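Naming follows writing order (A, B and C), and every chain is counted from residue 1.
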Amino acid sequence: MTSALLSLANVSMSFRGLRAVQNVSFDVPAGEIVALIGPNGAGKTTCFNVVAGVYRPDAGEVRFDGQRIDGRRPDEVCRAGIGRTFQLVKPFAGLSVMENVIVGALNAAASVREARHAAERIVDRLGLAPKADHTASSLTLPERKRLEVARALATGPRILLLDEVMAGLRPTEMDLMVALFRDLNSRHGLTILLIEHVMRAVMALSSRIVVLHHGEVIATGAPEAVARDPAVLECYLGEEAV
Amino acid sequence: MPAEIYLNVAVSGLLTGLVYGLMALGLSVIFGVVRVVNFAHGEMMSIAMYLAVVLFSAYRLDPLLMMVPIAGVLFAFGYVVQRGIINPFISRPEHSQFMLLVAVALIIVNVLLIVFGPDAQSVQTGYSLSSFLVGPLIIDATKVYAGAAALAVAAALFAFFRFTLVGKAIRACADNYAGALVVGLDVKHLYALTFGLGAACVGAAGCMLVLLVDVTPPLGPAYTLLAFVIVITGGLGSMPGALLGGVLIGVAEALGGLLLAPSAKSMFAFAILVLVLLFRPQGILGKSAT
Amino acid sequence: MSGYLLDGVPRHALVLLALLFAVLLAVPFVANDYLVTVLILIFYFAYVGQAWNIMMGFAGQLSLGHALYIGLGAYAAAALYVHYGISPWLGLWMSVLVSAAAGAIVGYLAFRFGVGGVYFAILTIAFAEFARIGFDHWRWVGGSGGFFLPVKNYARNDLLSLRGSPAMFYYLALGMTAAAFIACHALLRSRAGYYWQAIRESPDAAQALGINIFRYKMYAVVLSAAMTSLGGVLFAFYYNNLFPEQVFHISRSIELILGPIIGGIGTLFGPILGAFVLTSLAESLSELMRALGVDLPGIKQVFYGLCLLLVVMFLPEGIWPPLSRLLGLHRARTKTGKS
């Protein structure tokens, strides 16, 4: 599939004998929002970590824009155009919100001044401007999540990997995030791959869903189809429910 | 050089190495349980050595006989240091706790300098000059007694951790801090006990070492570094590893001193340290870090 | 950390700084020789403390073997001067080169093989010890017997050969400290500065944002080593004698980190303030002892140890951060918990 911006082909990854993902293949076409869902322990974050270069897969290939990136270092992956957030947010606690985002912006900017301009725009976009000078450690959790997204966005990625950014957000906050991502996707063409448990956000955002269970892909397709897929229902609700 | 000389030197190094091993054992125990890197380890040993010197010159009491009371004093010292200085700051980052002990070490060395002066002091017992003849080997009596004492104390320590209730409680803390708290163990007290035990080890080792070398205030830091080299070589947190590392370093040092200049002895220890840190940082018997 | 920079600092603070600098410039004209030598010592420690701070405060690597770079810098420039008559202004480039190379080796070995934290500290101690023992056996630079620089009369200041009065060395040390301060200020706001702080706060996040951790850690280590070596050059030409036992000794390494730790790691003023406070108190203590007729060698070190202990226990940030907040010298920032 040459139009896929990101593609995983037969990716497998084990940790000390425990198979986290097994023979996983899926594509993320350019300009789309794809959701990666599945019960806890299904291997979703492992997939992210393989794509992001944190792990080298035991088998399989990861291609970004046609080039193989599996086994590259995380910083190389970022420079190639993949931004990611962490499930457990990792802010630079001692730095201010603005400084956090500047660090991200430096990836795409030629100078600190340019990075600062870019960072200011993004901080504003994410609604963090009132707290721009505050240390990251003083933020509330929803604000930290926004910071995490802002920082990754500042690197100027072509695809953004979002790891459970909606968890813990109130409905209004969630709607704002959803609107932001929709806007980034439709107006700026940003491709998004997101791991989510909050179905509301998944249904609202994604044009395609990939379902993982016990490390394997059990369903892919449009949201409506996947929501009705018996295999998917079984893995979430148990055998008797189907 | 005839083979006997190498053998003699090696055996001598081995016996000295057992004492080193006991010293390092204390460090390993402290790190394995309390997860604190005791930068004042050698300095604590030098306290014990000076105590032995004082008791010997005043009352002609053999250091090996004084081992138990001196270890007791060091135990109390270690307990107080842990309880008073380290425990309150247990949640601080690693290098903060490290610096606390650097400060303690600095204070100890210089207080000793003030009290005892910079000149070397030693203990010459009745058997200091005698030796055993075993085949082609001529072994110093002091080294034999020191080595044997080291083994005895190490064995006692192993037995303590294996068979006593307190020993098991301490091992529980080391394995699972939160679990130990949940079960109701007084972890702070146990930590302090462990530090005290480590200090007692090093106190006992000091009593043995004072028979083998002269003591000066700068000896403390030198042996702290040596203890680190041994523990890292043998495996941080591994008790048998500390003994093994001690013996290895003791032999390497002795042979190195023979083959190169004697003053370059410690270069060997450091060369081994660098190699271990680079190629097998968990040490010979240590568990691989996750 | 940028809250401690001059940028955004109220004008009255900048004026104060300028006044302070003017006062410092005037010192040799109004103070006696003893005070000048104490200040030389203070600025020396402020300078090397600042250099060490780059590795620790900016890149988060605890080095307890920084005496290695002082020694290498000192011996390199001294040897070139004594054996070949090369001016220290040229010789210092060799110092920088040698120390940078040593730093690169230490850094490479440590970072390639994943040696961090306390293990890294121990590795740095090992290297310094290596050098100490090695130089003890190196005849060409005097071995354990010591290496001596020819001392001419102090009537004239020979800037080219760094032979001269305390006043000359005072301005040198002051100049070096000021230059280091300005350089670090610029560094903190540069790309490297941001990246270093990111690596220090969260290496995982830093990598995910495109930062090549190995490369930037290496920059910090090599820069820190190179800067420190210039302190060694000053040391050599000021004291005119070098003994491996003293220059590479672990006490030197610990001495030079006391200033930054007490003043405040990672801050710009920390090392300078720490050096001032520590050295002046220590000298006062010595004076007191002299006045009382008490001779206790080692009392200064006990004092240093106590200071270190108390600061680490009760003022973990150092003296400068709370002081700067008190003086209103940085932008308002709310933090969770205590400010």
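Here is the rule we go by: contacts are C-beta pairs under 8 Å (C-beta built on N, C-alpha and C of every residue); 3 or more make two chains touch, one makes a residue touch a chain.
Everything numeric in this text was worked out from a predicted model, so none of it was measured.
Chain C has its Cα centroid nearest to the centroid of all protein Cα atoms in the structure. Most remote from subunit A, judged by the distance between CA-atom centroids, is B.
In whole angstrom, the spacing between the mean C-alpha positions of subunit A and subunit B is 51. One simple way to say how far apart two chains are is to compare their mean CA positions; for subunit B and subunit C this gives 33 Å. Per-chain Cα centroids separate subunit A from subunit C by 44 Å.
Across the complex, subunit C is touched by residues 52, 54, 73-75, 78-79, 83-84, 86, 90-96, 99, 102-104, 106-107, 111-112, 115, 133-135, 137-138, 151-152, 155 of subunit A. Looking at the complex, you find that subunit C touches subunit B at residues 62, 64, 109, 113-115, 117-119, 121-123, 125-127, 129-130, 133-134, 136-137, 250, 254, 261, 296-299, 301-302, 304-306, 308-309, 312-313, 316.
For subunit B in complex with subunit C, the touching residues are 37, 85, 88-89, 92, 94-96, 98-100, 102-107, 109-111, 113-114, 118, 217, 221, 225, 228-229, 232, 261, 263-264, 266-267, 270-271, 273-274, 277-279, 281.
Interface residues of subunit C, counted against subunit A in their complex, comprise 1-3, 189-191, 194-195, 197-198, 201-202, 204-213, 331-336.
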